[in-house]
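To start, the structure itself, in C-alpha cells.
Going by the order they are written in, the chains are A, B, C, D and E; count residues from 1 in each one.
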Amino acid sequence: MSSSTQTVAGVGTATPRTMRRKSPRGGGLEKPSWLARIVVAILCFLWIVPVIGLFLTSFRPLDDANTSGWWTLFWTPSAWGRMNLDNYETAITEANLGTAFVNSLAITLPATFIPILIAAFAAYAFTFMEFPGRNVLFLAVVSLLVVPNYIAFVPILKIYGDYQLTGTFPAVWLAHVGFGMSLAIYILRNHMATLPKSVIESAKIDGASHFQIFFRLVLPMSVPALAAFAIFQFLWVWNDLLVALVFIGPGESAPITVAVRNNLMGQAGAGQELITAGGFLTMVLPIVVFLAMQRYFIRGLTAGAVKG
Amino acid sequence: MIKVIAALVTVVVGIGAAIVLYWVLNKLAEVLPGKWEHRLKPYLYILPAYAALAFYLVYPAIQTVVYSFKDSASQGWVGIENYTDLLSSEGFQQTLINTFLWMLVVPFVTVVLGLAVAVLADRLTPKFEKASKTIIFLPMAISFVGAGTVWGLVYDYRPPGRDQIGLQNAIVTALGFDPIAWLDKSDFHLNSFLLMVMLLWAQIGFAMVLLSAAIKGVPVDTIEAARIDGATERQIFFSVVVPQIWGSIVTVFIITLISVMKVFDVVYVMTNGRANTNVIGNEFFNQLFTNFNTGAAASIVVLLMLATIPIMWYQVRHFRREESLA
Amino acid sequence: MATITFKKAQRWYPGADEPAVPGIDLEIKDGEFMVLVGPSGCGKSTTLRMLAGLEEVNEGQIFIGDREVTHLPPKDRDIAMVFQNYALYPHMSVADNMAFALKMAKVPDAERKQRVAEAAKMLGLEEYLDRKPKALSGGQRQRVAMGRAIVRQPQAFCMDEPLSNLDAKMRVQTRTDIAKLQRDLGVTTVYVTHDQVEAMTMGDRVAVMDKGVLQQVDTPLNLYDRPANLFVAGFIGSPQMNLLEGVASDGAVKVGGYEVPVDATAAKRMSGRVVVGVRPESWRLTTKEEGGLPVEVTVIEELGADGFVYGTSDVEGTPGNVIVRVVSKRDHTTAGDTIYVTTEPDQVHVFDADTGERLSD
Amino acid sequence: ALGGGGGDDDDTVEILATTDPLVFDGLKKKIEAEAEDQGIDVNVQRVDNINQLILTRIQANDPPDIAVIPQPGVIQQIVDRDKAVELTDDIVPADALEDMTPGTLEAGQFDGKQYGLMISMNVKSLVFYPKKAWDKAGYEAPETLEDLQKLTDQIKQDGGTPWCFGIESGAATGWPATDWFEDLVMRFGGADTYEQWVSHEIPFNSDVVKESAAYMEELLLAKGNVPGGRQAIANTSFDAAEDTMWDAKPGCWLYKQGNFIVSKDFMPENIVDNADEEIGVFGFPPAEAGGENPVLGGGDLATLLEDNDNSRAVMEILADVDLGTDAAPTSSFISPHTGFDTSLYPSELTRQIADVAYQSDVVLFDGSDLMPGEVGAGTFWSQMTDWISGRQQLNESLTKIDESWPN
Amino acid sequence: MATITFKKAQRWYPGADEPAVPGIDLEIKDGEFMVLVGPSGCGKSTTLRMLAGLEEVNEGQIFIGDREVTHLPPKDRDIAMVFQNYALYPHMSVADNMAFALKMAKVPDAERKQRVAEAAKMLGLEEYLDRKPKALSGGQRQRVAMGRAIVRQPQAFCMDEPLSNLDAKMRVQTRTDIAKLQRDLGVTTVYVTHDQVEAMTMGDRVAVMDKGVLQQVDTPLNLYDRPANLFVAGFIGSPQMNLLEGVASDGAVKVGGYEVPVDATAAKRMSGRVVVGVRPESWRLTTKEEGGLPVEVTVIEELGADGFVYGTSDVEGTPGNVIVRVVSKRDHTTAGDTIYVTTEPDQVHVFDADTGERLSD
C-alpha cells in the first residue's frame, strides 16, 4: 500500500507478521476514509449535544437551569456542587414511576409484538401469495398511513364503552395494533420483497406449508426488518401519550407518559425540571431495546442461499 | 407484586392469543377442500390485519369523510362549506405552503442523512458503528415533551444583557452579536427550518435503522464484483448499493413524507404555529382539540388523504417495475 | 412410484416475446430415470419447475401417476428437487437444511438424524454439518442442495444440474450413488445435465430439447447411434459429430471430391443437398493414395487417454471443420500436416439439409 | 378490571381535574375523606390536558362523573352537546353558594343556567414587585391606571426598567398578553362592556379595545420599559420574565401575573421561601380611584356529567366552603368562598391576594378562556404575539381576530 | 502482462479450525494460462479470492508483477474475475452488467458498446442484452458472469468454473474462444475448473491442490503421464486411474497373484507396500491362459465413442475396483464375466503406499 512495501518484492526479508493487518475486507465495505470518520463524528457530536444538555440539566436545580446555560458547568466547578438527584427523586416518587413503568411494559410488549405478528402475516401474503386484489389492498395500506389516529378516538371509545374495554390493557394493545398496522405492513412487505424467492420455492418443494414457511424461513430471514419495526413500534407505544390517556386514562394502570405528564407537569409548563429527569428515566429502556436489537442488523443474512 | 404478575399474565395471554389466532385461521384454511384452501388462505392471512385496519382506521376514516360535510359539532349538514372555508382562509393557505415546505425538505434530508449515517457508520469498526448509531438513535427515545425541553435549551432567547441559556444564542452572543429570537424569525422561513431541524434530529435514527437493515442485506457478492470491476467505494455505493436498496429508500422517503404531512408535535410544542410556522397537522390538532371543530378537522384529514394519491400512484409504478424484472 | 406425463404443457413467462416452453409432451415411466439435455436456455429448468409446481402452466396439463397436478401447489406434489442455483436456507446449518423436508413430513427425530447422516456421508459433507451455507465452498453448497433432495423418498426427483460444480472424481462417485439410490428407491427421476457422460450413463432415456421443443426421446445409445435429426446429431457427443454438407445424387454423396460411403436406406431416400455426419472416432486414417477426405490439421488436443485432431477440410467451397479422434500415444501428426480420413457406411449419418431429418437407417 | 378510568355504571364516582398538582393533592385528600365518610367510592385523577380527553370521552358517551375544567369555553361545548347536568338547587344547595365571590358563580352559567361550579379560584389582576428594593426606593402602590403610568415613568427616571414582561409559553404563547388586554378592557369599559366583548357583541376592532392597546403600548412597549424592548417580549418566557426582578438591582420592577406565579416552579426558591419578606403585591388598579373595580380571575369549574346519587353527593362536597381546608395550607389554593377561613392560607401574601378578589366588585372570568377555542386559544394569542413583536399593525391583528370568530 | 507470485499466502477464515489455505507458493508466468484443479472445498476459490483481494491474506504475500498487492484493495489490482456464484448485479441489465467495469474505467461510450457487443456475440447473449439477470436461465447467467470479465483487458483473469453450467457444445466453443482471447491479449490467467478436458486442453500448466496444499504444478501431459503422487494420480484422469495395492520385493510387484510389470527406476526404488496405478485405457485384454489380472465385471458403461468396464479384482484380500476402457462397439463382455487384463511397464505408475510419493520414472 505504501511505497516502501512495494520494493520489498525480491528482498524477502519483510516478515509477514509485521505486514499483517486486520481489515474487514471481503466481508464488509472498504475501510472508512478519514472523511467518513469525520462526517460521522460531526453528526454524532451535533446529535448528542442537545442530549447532553438535557442530561446535565436534569441534575441541576431549577434556578440554576434558569439562570445559566448547562455548558457553563464545564468551567464553573462551583455549580457542580449544586447538582443533585432531587429531580429524579421527586420524579420517581411523585409520578409513581415504579408502577407506571410496569404498566408501560405491560402495554408496550404486546402492543409491539402483536402488530408485528399480524403485519408479518399480511406482508407475507402480499409478497409470496397470489390473490386477486393484492395490489389494491396493499395500496389501501399506504393511503391509510396518512390518517391521523386521533380521528379514531371517539368512534373506538364508543365501541369500547359498549364492551367494557375502556381502561384495560387489551384496549390499548388493540388500538396500537390498529394504528401501527399500516406502517408495519408497509415496511415488512417492502423488505420481504427482497428475500431470495427461490429459497421460498425450495421450502415449498420440501413440503412446507405457508404457515411453516412463514415461521421457519421468512421470519428468520426478515430479522433486520422485524427488528427495525419492533424498535419503532416499541418507541412509539412507549412514548405515546394520547392513546394511553384516552383508552386507559390516568390512574393505577397509567403508563409512564401519562403518569409523568399528569403528576409532574403543573399549569403553564411548570415542572420542566422534573420533565428532564422523567424524560431521562423513560429513555433508558428504549435505549436498551435499541442496543439489544442492534445485533440483529447483520450483514449477509441471506448469503450463500443462491447463486446467480 | 400482584400487579406485576397480573400484568405479566395479561401480556402472555395477549401474545399467546395472537399466535393461537393464526394457528386457528391456518387450521381453518386447511380443513377446506384443496382448491378453496389456496384461494382463501391469503385472505385469511391478511384478515386480522385488515380487521384491525378497518376497525381502527377505515371506519373512522369513512366517518371522517362524512363529518367533513357536517358542522363543527357534527350535527347538521353544511355541504362543502368546511372545505371552502378552509381553502379560502389566508391562514390555511399559509399553512399549506409551510407544510409543502416541510414535505419538500424533510423527507429528502432524512433520506440523505439517514443513508449517510447508515453507510458511513457501517464502515467503522463494530464498536464505533454501534456507538455512533446509538447516538444518532438517542433522540428517537426521547418523548416529544422531552424533545421540546431539549430544543428549548438550544433555541431559548433571553433579552440582550442577560445570560443566555439557549445554546445558539450563547454562541451568537459570545461572538459579540445580539441574541436572536430564533423561533420568531420568519424571514425565509428560518423558524420553520429550525423546527425541521428538530424533527430531523428526532427522526434520522428511524431512517438510519431501516436503511442500515437494507444495506446489510445487499449481497456481499455484488459489492465484491464491483470492487473487482474497479469501482471506487463511492461508485460502488451509488451504482451498486443504492439501486439495490432503492426499495428501502423509497419506503423511508414515503414514510417520512407521510409523517411530515401530519406532523404536529414539534410545531405544537415549540410554537403552536405562531410566527408563520403553522402546518396542517398542527392545524388539524387545534381544530379538533382546541376549537372542537370536528367539521374543519375532518376536512383537513380528507385533504390529506387526497394528497396521498400521487404517492400511491408512485407505489403502483414501483411495483410494476419491480415485477417487470421478475 | 409414479409415472409423469406432460400434455402440451406450456410456459410463457410474463412479458416474454415467446413461450419458453411452447408445449411439451413427454411421458416418463414409473421409476424411470429420464435425463433432460439441451443447450443453455432451451427450457430445461422451466420444464422441471413446471413439474414441481413452481411455474404456472399456462396451457396443457401435467400428471403424476393418475393425478392431475397442473394447478396443485408444490407441497402437495411430493417431489424433491435440486435447484440449479441451490436455493439453500441461508440461516440454517447444513444439517438443518437437509433435515428440513423431513421435519415438514414429521419424520421422527431418530430416523431423520440417521437419514441426514447417511446422505451427508454419501456426499462427503460430514464435517460441514454444523456450518451455514455462507461458509461453504461452491461445490459443498451444491452437495447440500443435493443432500436436501436425497434424504427424502418422494414420488419423483427433479435434479437440475446437481453435479456441475463437483470435481470429476466426486462427480463419478456421486453419479453412481445417485443412480444406485434411484434404482433402490425406484423413484421416477427427471435429471437435467450438461455432462454428456452423465446423460449417457445415468439415463434410462434421454430427452433432447431445443428452444423449448423436444427433439428426440430415446435411450442413450440410440441417441448416439441414430440421432433423429441434425440438432441431436450435433448436440450429442463431445467433441461433436462432424457435419459436412454434401450433394446427393444417384445414391451417393459427394463432399467436395470425397465420396462418402452411405448405407442403403440413406442411399434410397436422399437427394439434393444433404448433410452427412461422422463421429470423430469413426474416422479411419488413410493415406493420400488410398483416398479419403483431406484434412489440414490446425490443432492437436491431447487428453491423456486419447487425443483429437482438429482441422479443416477445404473442399470446393465448403470448408468444414473436421475433428478426428486419434488413439493417443501421440506424434502421429503435427499442425500443418494434411491427413486423410475415411469411414464406413454404417458409421455415416445422413440428414436432409433443409428439414434436418435423418435419412440414413 | 385493570382500568382506572372508564366505568361509568359502577358505583365509583370518577372525577377528572386539571388543577395545579399541589392544589390537586390537597383537594383530592379532602374529597376522598369526605366521600369515605358518606360511604362513596371516589376516583379522583389529575390530567394535564383535560381538554383533549374530556370532549373525546363525552362524544364517546364515556364521560367521567364529574370534570373539573378551567375553561368555560370547554364547558360551553359540553353544554352545546347536551351532555352537562344543570346544577339545580337540589344538587347544589343555594345556601352553600351564598358566600361565593361575586362573579364566580356567573362564570359557570350558560344560557342562564348553572352548569359549572368554581371550586378553586385564581386571581389575575395582580402586580408583583420586589419588596426589599421597592421599600428602599420608596415607591408606592398606585391607585389608578394613571398612577401606574406615573410609577412606570418614575422607575424609568430612576434608571430602572419598569416592567417585567414575557409572553412566550410554548404552544400557548401569547396568553399573558391577553390577560393584560382583559384587565384593561374591563377597566376602560366596565364589566358589562367586558362581557359583551367576550361574547363578541363588541368586536375586537372597537374603541375600547384600541384604547386598551394604546395604554399598553405606552406603558409596556415604549422604549426602555421592558428588558430587551418590544422585540424580546414574544420570546421571553413568562416565567423567566421576572427572574431578574429579585436581583439586588432589580432588572425590572413590576410584574403583572396571576397568583399561581408564586411558586418554586416559577420564582427562585429562596424568594418563595421568604415570600412575605421578598414579594410585594398590589391589585391592578381601577381606571379611576374609587371607581368600578373588577378583578380578572379564573378558576376550576366542577361540572356534573353523570347524574346519579353518588355524583350528586360528591358535587355537594365540592360546593362546600371547607373543600379547601386541606389544600390551602400547602399550595397556592384560593377559595372562591369569601367565608373561607383565611387563616389557613400559608402566608400573608396569599391572604393579600385573596383579599384582592374578595374585596373586588366582581371577579370576571378570564376572557380568553370564555371565547371559542379558535379565538381564545388561537388567534387572540397569536395575533397579540404578532402585534407585540411588531410584526403586524394593531388594526390588522384585531381584524384578523374578528374574522376568526366562528359563526 | 504480469507474473503472479504467491509467497506462503495463507487464508484462515475467521472461526474456522484450520486455515482453508495454509500457505500457498505458486509462480505464474507472464501470459501463462494456469489451471487450478482439486477436489471440492480444497481452497481453489479461496486462492483466487486472495489474488483478487477479496479475502484478507493472513500471512505471506502476493505479487502481481513486481508490485506487492497483498494488502492492496481489489480495484487497484486490475484483475477481472468470473465468480463461481456469478455475483451479477441484479438491478442491471445484461448489457449494463457487462459494461460496468468499462464504465468504471471511463472507457468511451462507443468503444464500450462495441466491446460489450463483441463479448455478447461470443457468448451467444445478443438476444438477452436488455434482460435483467432474474429472467435468465442458469447457463445464461453464467455467460453474463463470463462476459463481465472478458470485456476487460486486465492484468490478470481469475475464472472460477466459468463454464460449469454450459452445455457441452457451448462449452467447447467458449473454451476455444477463451483460450484464443487469452492468447491474443496475453493476459495471465488463473482458471479453476472441474472439467478434466478443460484442464487438459486449456492450461499451459495445471496446478493440483488438495486440502489447501499444492500437490503438483506441471503441464497437462506431464500431470497425466507422471503424476507426482498418489493424490494427483487418482485425481487426474476420468475415469480415474486404477490404483491397486501390492507388495514389492526384488524389483517386482505382486497384486494378488498378478505380477505387475514395472519400469527400471521403480524396480530399483520400491520396497515393501506400494501402490501401482494403471490408467483404464492402459489395460490390454488378455485371456485366462495368457495370464493377467482377473477382473469380475460388474457394470459396463457405454458412452457411444467408447465404453468402460467396471469390475472387481478379488485377489488375496485386496479386493480392488478396476476400470478398464474398451474401445466401443460393444458386446465384448457382459456383467458377471471374468476378464483378464494386463499392461506394459511404461504404463505403470508405482507409488509408495505410505508417503504416496511416485517411485517409478
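Going forward, contacts are C-beta pairs under 8 Å (C-beta built on N, C-alpha and C of every residue); 3 or more make two chains touch, one makes a residue touch a chain.
Computed from a prediction, not measured in an experiment: that's the story for all the values here.
If you take chain D and chain E together, the chains in touch with both are A, B.
Centroid analysis (C-alpha atoms only) places D farthest from chain E. Seen from the C-alpha centroid of chain C, the farthest chain centroid is that of D. When the interfaces A-D and A-E are ranked by C-beta pairs in contact, the top one is A-D. Separation between the centroids of chain B and chain E, computed from CA atoms only, is 57 Å.
If you average the CA atoms of chain B and of chain D, the two centres end up 37 Å from each other.
Averaged C-alpha coordinates give centres for chain A and chain B that are 13 Å from one another. In chain E, the residues touching two or more other chains are 53-54, 73, 84-86, 88, 135-136, 138. Chain contacts: chain B has residues 10, 219, 221, 224, 227, 289, 326 touching two or more partner chains.
Each of residues 2, 52, 170, 172, 237, 240, 243 in chain D touches at least two other chains. Of all the residues in chain B, the ones that touch chain E in their complex are 219, 221-222, 224-232, 235, 239-240, 243-244, 246, 325-326. Residues of chain A that touch chain B in their complex: 24, 26-33, 36-37, 39-41, 43-44, 47-51, 53-54, 57, 65-71, 99, 102-103, 105-106, 109-110, 113-115, 117-119, 121-122, 124-126, 129-131, 134-135, 137, 139-152, 154-156, 169-170, 173-175, 177-179, 181-183, 185-187, 190-191, 193-194, 209-211, 224-225, 227-228, 231-232, 235, 239, 241, 252, 257, 260-261, 265, 272, 275-276, 278-280, 282-283, 286-287, 290-291, 294, 297-303.
On the side of chain E, the complex with chain C involves touching residues 13, 15-16, 37-41, 44-46, 84-85, 124, 135-140, 142-143, 160-161, 164-172, 194-197, 200-201, 220-221, 224-225, 234-240, 279-281, 301-306, 325, 328. The residues of chain B lying in touch with chain D in their complex are 6, 10, 72-73, 91, 148, 156-162, 181, 183-184, 186, 268-275, 286, 289-293.
Put simply, chain A touches chain D in their complex at residues 61-63, 66-67, 94, 153-158, 160-161, 164, 166-169, 171, 242, 245-246, 248-254, 261-271.
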